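Shared between the two complexes below is chain A, which pairs with chain B and chain C, respectively.
Here is the complex of A and B:
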């Protein structure tokens, strides 16, 4: 660098900066073009063609047409979207009181300890957590045995493979992504606002509606966006806890790509999932009037 | 209600009850996994049949192959470590370059680039996987047709797994390192330059020492995220399985307590990593640990 600068005594600063800028741009562009942009272009091209004979392809919308004409496919799509939305709402309901306790009820060390304790399970792999739920819930598992012992059921019941099981697993996996943005948005809420409202006679629910929720809205949106997105794209939890009944859209993509080797169909499914995910993210941002960059930074 | 306001006894009790129930919900699956690693039975299921270390140290002679004598599992741990090391190295290097690029330079198209850099976080991992798979297969096909080259690294396998994971972990590293670089007081650099230090010396003695916590933190997070990644890996994996894929395969066949033993090790490793991070890190960096499934 200094040699180059010595060769250019007139405008060394500018040239040096140009040189460094190019050097720094190279890895960024290489990363984004080779691993993000071009792969998605190829995926799009793949989804827009049809195999008419071995090794002969024609551009067509057949893959997307199949999706809309085959009820199984779009039913699974809608089911995945609805269950993801339900899981997101449940996660918010479960996480909000904990975020409230961490920021407003517990004090000092107790508060930071509780926060850290809430984060610990998420350092452990999702595979391990799913294994825990399997051992806990399957017919020969811990919870059914406990229910028999308590006399609640006569024989061990199968607790896996229900929608409720999938939802429990999804909420469990997503909690962290909701607790963290909620805590950071509630932390900035001034306690004296709540005290003032209370002194003026406001009830709990009206304080929640009038002060807390408007203030925490950015955190709530950020958490919901991230949780919905991750739930929609999850594979492991629905697959292991739901078994054959899970009917999750990512499983269709996996089947088309890896099992049936029908990449064209799989690519179209991939784009539909990406489209839904992007749509929900942008609707969430629009509703709360936030910028994408800020939300991602916050979470 | 907040701590400074009067709360009824009922509300206090309800709050405590909720927190306890929440913590049970969080920890029961983990405790169960850990406990059944020591159960003296061929399946990780109740009832408790006594304590054993077979699932760690057992070998063919005891009839139970424990973790330390299971070459397949040990091999997959090694595979995961290798992949994670590459991903960590690449992510921290590219993340550092990106941080300097975005914090120190203005150039046309910067806005577009900054949005594009965040995009990998909102693309589901499965789709990152299939898109990279389809491009690399296309390239491999092309190389084969045009030049008769058989480019093995473009077929599903560990190089693609590493690239797939890197494609979004690089974003996480970029965010973490940029956040610290943003808070850097640039007058320190200017002072050193005025006193005659070269740019290289300033970087080495002032800027990088300041960035060190973020570099170490992002390396730890990158390693963890790579080690635990499932979705992207599932689509790109070849014949060598990293640990998460291996465990998934075995869980579907019907779990043996060896998986509990391996899980216990993973938990201990994560806990150690978390503790070191928390000692030096902020809330934000700890939270950033959340691995994208």
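Here is the complex of A and C:
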């Protein structure tokens, strides 16, 4: 150690700075390596082998072949992607006015209060929140009873187990993750830009299109990426609100790992889902003309 | 002033009032700005000038009163439909657009075809000395260039009235001096009516045909820069426009429009009286530093003026605006006295005893209202 200390003054500044930087980053890097990279390597190896006899495995692409030859897997995969995209779009539509009110309409305390109101439901676990939806929506629940009372339906209807129910739950669950980046990107929008556009003859919609959305684009993209990934990988909400009808891809992965004990197939599904989210995010970035690094830096 | 006599004024404000809660930001203001003139509203921060400007632009509706622009009442007309454009304090150029797109923005909103608006935007950029900058990004421009883009963006719409909200405030001193001249030249070249608000008296004096001095939601005085400087109507104007020595005391005598004031400390000062005042009134005299004569020998001071002896506390060298801070020997009152521009007394030293006097016609006294700035 004393030798190292003696050496240090001789080491050029650049190297010393690099050494300190490595030291500071070490916990994060170890974390990434141990909990993310290593398990994924293990899963990748799992997904690329096939059991040919008890305790005998051979490298093969059979797990991936099964996915493409079995229509159920395929269809659930596409359905999950489409519904996730719809849920993301709906979340954006709901979150944008909320973020707008928080940043541009409400002032001071009211603004903070609104933000906290958005945050409070997230202090409760997702399970409890979803169970709350169950109480509201099930056939003997609050909302169907209300509909009967108002004379809108003759008998209580089952509001659970529809795609719309799943979407509602997903939008509700992801709302905060859209509101936060939107609030931060709208907060940095100088009000005088909006006034200047208004002064130069622009109307509300053209200010939104020409000034607000281009400014908030990184926040919108960041929110959409986060919400899309969370939705795609969500297990609890589709399962509780959609029941057997939900047909969410994460449920197939769960079944393979836990019910059928087919880790090889489960691992392959996991990688397919990872590939899907990567693909969708990059397509989204391309379409909106954003760069991933910029989005993550500015949001 | 280049206004056409008899023409309808471009801007008329009639009895406008605006209150925020219990605070009366603008109190029953009226003003009229002639076509083609450069009109400034000068006042300290919080005096209501920004509120007034935002009412003219249409961002705030007045509680009562009327705003008429180019002969048309603006009641219920939104900012996007008024023949008025505004240059914002922070300029508010759109960072997501190129310089050319910024200038063409208003034209696009009016439905001007793309080829046409590109041509007009480029022509306007050329007029403000930014030919060929249309493709640049806003953040590639210097502060002064951005200023010109902000003006070009408004002027391309050929507004009846251009409002400027302290547009030079964000610039450094050197550039501010330069932009002052440029702004005046641009206004003369376009012939558009400018309404300019500022808290900087030098900007207002240099640029304007007419200046309104505003304080606590009211106009203290409206007049040419010369009138404000040489014939201030109130103590506030005298104190706010240009530097002044302020002396508080009682009026001892007044005859021929010149009064003699004696302070508690026993210092006697002569100044023009303003308004009706009688002996014994509490008054405040304002004396311009350049109204003073400063000499080493008392005999060289002009005859018939009260002579004071003082010691130099500090010397403020600022080229042609150099001044000395003196303490009058008997009363210990501080005075700011301009040094001769010829450089005759450039060798004065701190602590030196000097003689000085004031021209009473260039000092003015007002009844002391107790509202000290």
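Note that in this section the second predicted complex is superposed on the first by the 250 of 299 C-alpha atoms of A that agree within 3 Å, B and C clash if a C-alpha of one lies under 4 Å from a C-alpha of the other, contacts with A are read in each partner's own complex, and residues count from 1 in each chain.
Operating definition for what follows: contacts are C-beta pairs under 8 Å (C-beta built on N, C-alpha and C of every residue); 3 or more make two chains touch, one makes a residue touch a chain.
Keep in mind it's a predicted model, so treat the numbers as computed, not measured.
Colleague: Looking at the combined model built on chain A, do chain B and chain C fit side by side or clash?
Modeller: fit
Colleague: Is A:200 in contact with chain B, with chain C, with both, or with neither (first, second, both, neither)?
Modeller: second
Colleague: Under the stated touch criterion, name the partner, chain B or chain C, that contacts more residues in chain A.
Modeller: Chain A has more residues touched by B than by the other partner.
Colleague: Scan A:215 for contacts with chain B and chain C and give back first, second, both or neither.
Modeller: second
Colleague: Once chain A of both complexes is superposed, is A:254 in touch with chain B (first), chain C (second), both, or neither?
Modeller: In the superposition, A:254 touches chain B alone.
Colleague: Between the C-alpha centres of chain B and chain C, what angle is found at the C-alpha centre of chain A, to the nearest 10 degrees?
Modeller: Computed angle, apex chain A: 90 degrees.
Colleague: I'd like to know which partner A:90 touches here: chain B for first, chain C for second, both or neither.
Modeller: neither
Colleague: Please work out whether A:101 is in contact with chain B alone, chain C alone, both, or neither, and reply first, second, both or neither.
Modeller: After superposing on A, A:101 lies in contact with chain B but is clear of chain C.
Colleague: In the overlaid three-chain picture, which partner chain does A:148 touch, first (chain B) or second (chain C), both, or neither?
Modeller: After superposing on A, A:148 lies clear of both chain B and chain C.
Colleague: Please give the least Cα distance, whole angstrom, that chain B and chain C reach in the superposed model.
Modeller: Minimum over all C-alpha pairs of chain B and chain C: 5 Å.
Colleague: After overlaying the two complexes on chain A, where does the chain B footprint on chain A coincide with the chain C footprint?
Modeller: 195, 198
Colleague: Which of the residues in chain B come into contact with chain A in the complex?
Modeller: Residues 1-5, 15, 18-19, 22-23, 25-30, 32-33, 36, 43-47, 93-94, 97-98, 100-101, 105, 107, 113-128, 130-135, 138, 163-164, 166-167, 170, 175, 179, 198-200, 224, 227-228, 230-231, 234-235, 244, 247-248, 251-252, 255, 259-260, 263, 266-267, 270-271, 273-274, 278, 283, 286-287, 289-293.
Colleague: For the complex, give me every residue of chain A touching chain C.
Modeller: For this pair, the touching residues of chain A are 190, 192-193, 195-203, 206, 210-211, 214-215.
Colleague: Going by the contact rule set out above, which residues of chain A touch chain B in the complex?
Modeller: 1-2, 16-17, 20-21, 23-25, 27-28, 31-32, 35-40, 42-43, 46, 94, 97-98, 101, 104-107, 114-136, 138, 140-142, 145, 172-173, 175-177, 180, 184, 191, 194-195, 198, 204, 229-230, 232-237, 240, 250, 253-254, 257-258, 263, 266-267, 270, 273-274, 277-278, 281, 292-293, 296-297
Colleague: Of all residues in chain C, which touch chain A in the complex?
Modeller: Listed in rising order, the residues are 57-59, 78-81, 84-86, 88-90, 92-96, 105-106, 109-110, 153-154, 157.
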